[in-house]
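Pasting the structures here.
In what comes next, subunit A is part of two complexes: it sits with subunit B in the first one and with subunit C in the second one.
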Partner chain A sequence: MPKVKLNGKEIEVKPGTMLIDAFKQAGEDIAHYCYHPGLPTAGVCRLCMVEIEGNPRMQIACNTVVTEGMSARNNSDKVKEAVRWGLNFHLINHPLDCPICDQAGECGLQDQYMKFGKYTPEMSEQKVKKRKVVSLGERVVLDSERCILCSRCVRFTSEITKTNELGIFNRGDHAEIGTFEDKPLNNNYSMNTVDICPVGALTSKDFRFRQRVWYLKDASSICTGCSTGCKIRVYYNEEGLFRIKPEHNPEVNGYWMCDKGRDIYKHVNPEARLQEARWGQVGNWQVKDIAEALREAGEAIRASVRDSHHSKVALVLTGQQTLEELTAAVKFFLSDLNSRDIYHWINNPEEMEKFDGLLFRGDRNPNTKGLLSLLASEKVSATWAQLEGKLNSHEIETLMVVGPEDPGVFPDLAAKLKLFAKAKRLVWLSSARVAAVDQVTTATWQIPLKSFFEKDGTLVNAQGRKQTLRKIATLIPAAVSVDQAVAVMSGREKAVPMGKFELNWKKTNFFVGERGSL
Partner chain B sequence: MFELSREGIEFVKKEMTRYETKRSAVIPCLFRVQKENGGWVSPESIAYLAQLMDVPERWVQEVATFYTMFNKQPVGKYHVQVCCNISCAMAGGREMTDKICQSLGVEEGAVSKDRRYTVSRVECLGSCGTAPMMQVNDDYYENLSADKAVKILRELE
Partner chain C sequence: MSIVNKPGAISTWYLPGILSGLWLTLKYMIRNLFDKKKMPTLNYPEEVYQYGPRFKGNHILTVKKDGSIRCTACMLCATNCPAQCISIVAAESADQRVEKYPIKYEIDILRCVFCGYCEEACPVDAVRMGPEWQTAGLNGSSFSYDIQHLAYRPQLKGGILSRVDDEERHKFGI
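On to the complex of A and B.
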C-alpha cells in the first residue's frame, strides 16, 4: 500500500489509485470538471492541477497514478493561480446566463467560480455564438454555448451505454457537442448525461424551469420502477415531488439509473393518487372514512369465510408493495381466515425475465423476489388459472386485491379488473387513482395506500438483495399501508393512525449566507 | 444514395486491416469517399462509410468536421485552394485570390454558376519557396501571378 503525502496529510492508498481519488480520500478539496469516478479519464479540463514534489511542472491529478512516497499539494499559490487561469479559459465562450439557466445552484462552474474566479473578466472579445435550445430526443435539451467540452456525456454514451450518439464536432472555438445529423438521443439512459453535465449545457425537458434547485429538499430512497432497485435521491418541496436522480451504490446501480425510473415521482404526487376511501360501484361512489371503510371491508371478508364451509375469499398480490406489507396480507389470509387462496398477479409475463444488460429489467415491480420467496416459504402454490376458474364460476364472494402503485406498468389492468368484477364484492387497495376501477360493476371498497415515498419497509431486488425503504413524508393523510389496513380488517385494531400532510418543506433559499462573498 | 465503387470498397477494407484500430483508418477512407463523391463529404456519404466500416457515425463525423481538408459543402469541378499564409501573402497571395474570384465571377468559398470552380483561401501548403501558389484539386501551380493563375484556370479542360 503506497503512502502518499497530500497537502501535508499522510495517507495510505490502494496501489494504482489516481491522485485525484487520493485527494478525495484524504478529504482535501480538489477542483475538477471532466473527471467522473464512473467514467474513463479524459484529462481535458485541466482544473485538477497539483504540484508534485520533484516535478518541475504541475500535473493533472486525474491522470497521475500515485507512487510510493509521493508528495503533492494543491493549496499552494502556484496551483491556485493555475486553476484560476484554467477557469478563466473555460469562461471565454461561456455565456454566463446563470439567471436564466436551469443548472444555476448546482452548477460546477458556479461553484468553482466562487473559489477561483477572477471576478474582473479580462476578455473583451466577442463570444462565439453557438446553437441554443437544441432538442436532443425525448428528454434532453442541449445548449451548446454553455458547454465547456468536458466530454463527460460523450464518454458516457461511448463507454457506459455504448450507443455512441454524442460526439464533439468541429474544432477550436467552434467545437461543440451534438449528435450525428441531430439524431435523437433516445436511449433509456439519456438523462444520466444531464446529471453528469457540470454546467447547464444538457438539461432535462421534464424538470426544466419547474423549480429552482435551491428550493428543493432531497432525500435518499429506492427506485420502485423495476426490480433492479437503484438507489435514488428524490427532490421535493411543499408543491410536490419534482425529480429523481441516481445515488451511488456500487452493489446495485453504480452511479447511474434509467430514464424510466425517473418518472416514478409522477405517480406519487397527489394528483395521481387515490385521495380517500370510497365505497360503491360504477356511477355511484361514496366517500368513506378510512377506518370505517376498512372495518366494513374486513367484516365482508370475514363473513364470506364464516358463512361457508369452503373458502369464498381470495387475495391477489403484486410485487409492488414492501415485504412487511405483503407478509401482513398473507398472514391475514393464512391465520385469520384460514384460506390459502392467495394469488400472484404477474402484470407483464412476457417481459418478466428481460434485462437490458445494464440496469433496466422487464419486471417492473420492485419486490417480485420478495413476494415469491414469501409465497414459497408459506407453501402457497395457487395458480392464476385456478383464480380465473373460481371467478368465472362465481365461487369467490369477496376478493381482496392489493393493486398497483404505478398503474402505468400494468398493461393488463383493464382486462384484469373485468375479471375481478366477477366477484360479488371487491376490496381494492391501491395508492394510485385508476380510472378503470371507477367503472367496476361490482360492490367495491377503494382503500388508498401509501406510496414508496411515505412508508418504511423492505424491498428485495432481482439480485435478492434486501434494501430498506425509509419514509420521507406523508402526502395523502387518509392513506394507509397494507399492514395497517389488515390490522383493522382482521378486527385487531379499531382505527388507523391518521397521517398528516407533511410535505410542508417551505421554499427557502438555504444557500443564502453560505456562498462566497463578492 | 451515395455508394463507393468496387475498388473504393476494396480500398476501405484494405485500409481497415492496415492499422491497429479501425479509428485510424477513418482519414484515408474519408478521403476516398470525398474523391468519389465529387469533392465533398455529404452526411449520407458519412453514414455510408460508417456503416461500411462498422463504426459509429459520430466517429466519422468528428474526423470530417475537425479537418478543413474535408469539404462539408459541395465544391466545383476544380477546387482552387490559394495559399495565403506568410510567404504567399507577402508575395501577393491575398490579392491574387481576390483577382481570381473577380475574373472567374465566383464568390470565395461558393461554387461558380457553371459549377466549374470553387475558390478558397487556405493556410500553408508547404511550398513557400515558390510563392505565391495554388492547389487545383490534387495539383500544385507555383510561382504564380494573378494573371497567370487566371489563365491557367481558364485553360483547364
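On to the complex of A and C.
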C-alpha cells in the first residue's frame, strides 16, 4: 500500500490508484472536467494540475499513477494560477447562456468557476459561433457552443455502450462534438451522456425547460423499470416527479442506467394514477371511500369461500409489487381463505430471459425473482393454463388481481382483462389508471395502490439481491399498499391509515450546495 | 426619532403640555385656512400625486424590437421573489435563436411586496417595476397579472423596449 502526501496530508492508497482518486480520498478539492470514475482517462481538460515534488513542471492528476512516497500539492499559488487560466480558456467560446440553459444550477462550469475561477476575464475577441439546438435522436439535444470538449460523452459511447455514435469533428476552436452526418443517437443508454456532460451541451428532450434544477428535491430510490433494479435518484417537487438519474451502485448498475428506466416517473405522477376507489362496471362507476370499498371486496372474497365447498376465488400476482406486499397477499389466500389458487401473471414470456449485456433486461418487473421464490417457498404450483380453464368454465366467483404499476410494460393487458371479466366479481388493485379496466363488463372494485415512490419495501432483482425501497412522499392520499388493503379485506383492520398529500406548498429554491454533476 | 425632554414647567405639568400640543394643531388649521397652496393634503381621486420616474410600482414585461416578449423564462425572478408571487411556465420556442420563452408569466400582485428583487435578478432587463401604482379593482381575479397585462396593457402603448438587444448580443457572440 503506497503512502502519499497530498497537500501535506499523509494517506495510504491502493496500488495503481490515480492521483486524482487519491486527492478525492483525502478529501481535497481538485478541479476537473474530463475525468469520470466510470470512464477511461482522457486528460484533455488540463484542470487537475498538481505539483509533484521532484518534477519541475506541473502534471495532471487524472493520468498519474500514485507511487510510494509521492508528495503532491494542488494548493500552491502556481497550481491555482494554472487552474484559473485553464478555466478561462474553457470559457473563451462558451456562450453565457445560463439563463436558458437547463444545466444551470448543476453545471460543472458554474460550480468550478465559483471555486477556482478567474473573476476578471481578459478575453476581448469575438466568440466562435457553433450550432445550437441540434436534435441528436429522440432524447438528446446538442448545443455545441456550450461544449468544452471534455469528450466524456464520446468516451461513453465508445467504451460503455460500444456504439460509437459520437465523435469530435473539426480542429482548433472549430472543434465540436456531433454524430457522423447527423445520424441519430438512439441507443438505449443515450441519456447517460446528458448526465455526464459537465456543461449544458447535451440536454434531455424530456426534461428540457420543464423545471429549473434548483426547484427540484431529490431522493434515492430503486428503479422499477426492469428486473435489474438500478439505484436511482428521483427529482421531484410540488408539481410532481420530473426526472430520474442513476446513482452509483458498484454491485448493480455502476454509474449508469438505461433510457427506458428514466420514464418510470411518468406512471407515478398523479395524472396517470388511479385517484380513488371505484366500484361498478362499464358505463356505471361509483367513487367509494377506500376503506368501504376494501371491506366490501373482502366480504365478497370471503363469501365466495364460505358459500362453496371448493374454492371459488383466485389471486393473480405480478412481479411489480414489493416482497412484503406479495407476501401479505399470498398469506391472505393461504391462511385466511385456505385457497391455493395463486397465479403468476407473466407479462412478456418470450422476452423474460433477454438481457442486453449492460443493464436492461427483458423482464420488465422489478420483483419477479421475489415473487417466484415466495411462490416456491409456499409450494404454490398453480399454472396460468389452470386459471384460464377455470375462468372459461366460469368456475371462479371472485378474482383478485394485483395489477401492474406500469401498464406500459403489459402488452397483453386488454386481452387479459377480457379473460378476468369472466369471473363474477373482480377486485382490481393497481396504482395506474388503466382505460381498459373502465370497460370491464363484470362487477369490479378498483383499489388504488401506492407506487414505488410512496412505500417502503424490498425488491429482489435479477441477481437475487434484496434491495430496500424507501418511501419518499405521498402523492395520492387514498392509495394503499397491498398489505394495508389485505389487512382490511381479511377483516383484521377496520380502516386504512389515510395518507397525507405531502407535496402541497409552492415550490421554492431547494438548492443547497453542489448537485454533484461531476 | 429623538425625544426632546425640555426642562421646566411646560413639559412636566399636564395642562401646559396638552395646550401646547393643541396649539400646534390649531396653528396648522389656521394656516391651511388662509393659505391653501401650502396645504400638504391632496383630494386623492381628483388630484394625483406625481411620484418620481424611478418609483417602483406595478411590473412591466419589456418587449424586443419585433414586439415579442423579452423574457427568457430563466426563472431567476421567481427564485429571488421573497413573496413567491411570480409563477412562470417555460416552453421551447420555434425560433432557435430564442430557444426558451415563457408561455405563462403571472404575478399575483396581492402577494407582491414591491421589493424590486425581480428587477434586480433579471439578466436581460425583461421585468421592470414601472411608475404605475394605482391598482384598485373590483374583481379579485384581476389581481393576477398575466403576460397580456404585464407586457401589452394599453398604458404601455404597445410595449416598453428592453435595453438588452438580442441582435447586438448575437453579433458579439455573447
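Everything below uses one rule, namely that the second predicted complex is superposed on the first by the 506 of 518 C-alpha atoms of A that agree within 3 Å, B and C clash if a C-alpha of one lies under 4 Å from a C-alpha of the other, contacts with A are read in each partner's own complex, and residues count from 1 in each chain.
We adopt the following convention: a residue touches a chain if its C-beta (ideal position, glycine included) is under 8 Å from a C-beta of that chain, and two chains touch if they have at least 3 such contacts.
Values in this document were obtained by computation on a predicted structure and should not be read as measured data.
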Clash-or-fit label for the pair subunit B, subunit C on subunit A: fit
First (subunit B), second (subunit C), both or neither touched by A:100: second
Subunit C, subunit A and subunit B - angle at the middle CA centre, rounded to the nearest 10 degrees: 90
Partner with the higher number of touched subunit A residues, subunit C or subunit B: C
Touching partner for A:129 - first (subunit B), second (subunit C), both, neither: second
Touched partner set for A:209, first subunit B, second subunit C, both or neither: second
First, second, both or neither for A:188, with subunit B first and subunit C second: neither
Touching partner for A:224 - first (subunit B), second (subunit C), both, neither: neither
Subunit B versus subunit C - smallest C-alpha distance in the overlay, whole Å: 24
Footprint of subunit A on subunit B - complex, ascending: 43, 46-47, 56-59, 61-62, 65-66
Contact footprint of subunit C on subunit A as seen in their complex: 95-96, 98-100, 104, 126-129, 132-133, 208-210, 212, 214-215, 506, 508-509
Sites on subunit A touched by subunit B in the complex: 158, 164-171, 179-181
List of subunit C residues in touch with subunit A within their complex: 72-76, 79, 84, 90-92, 96-97, 99-100, 123-124, 172-174
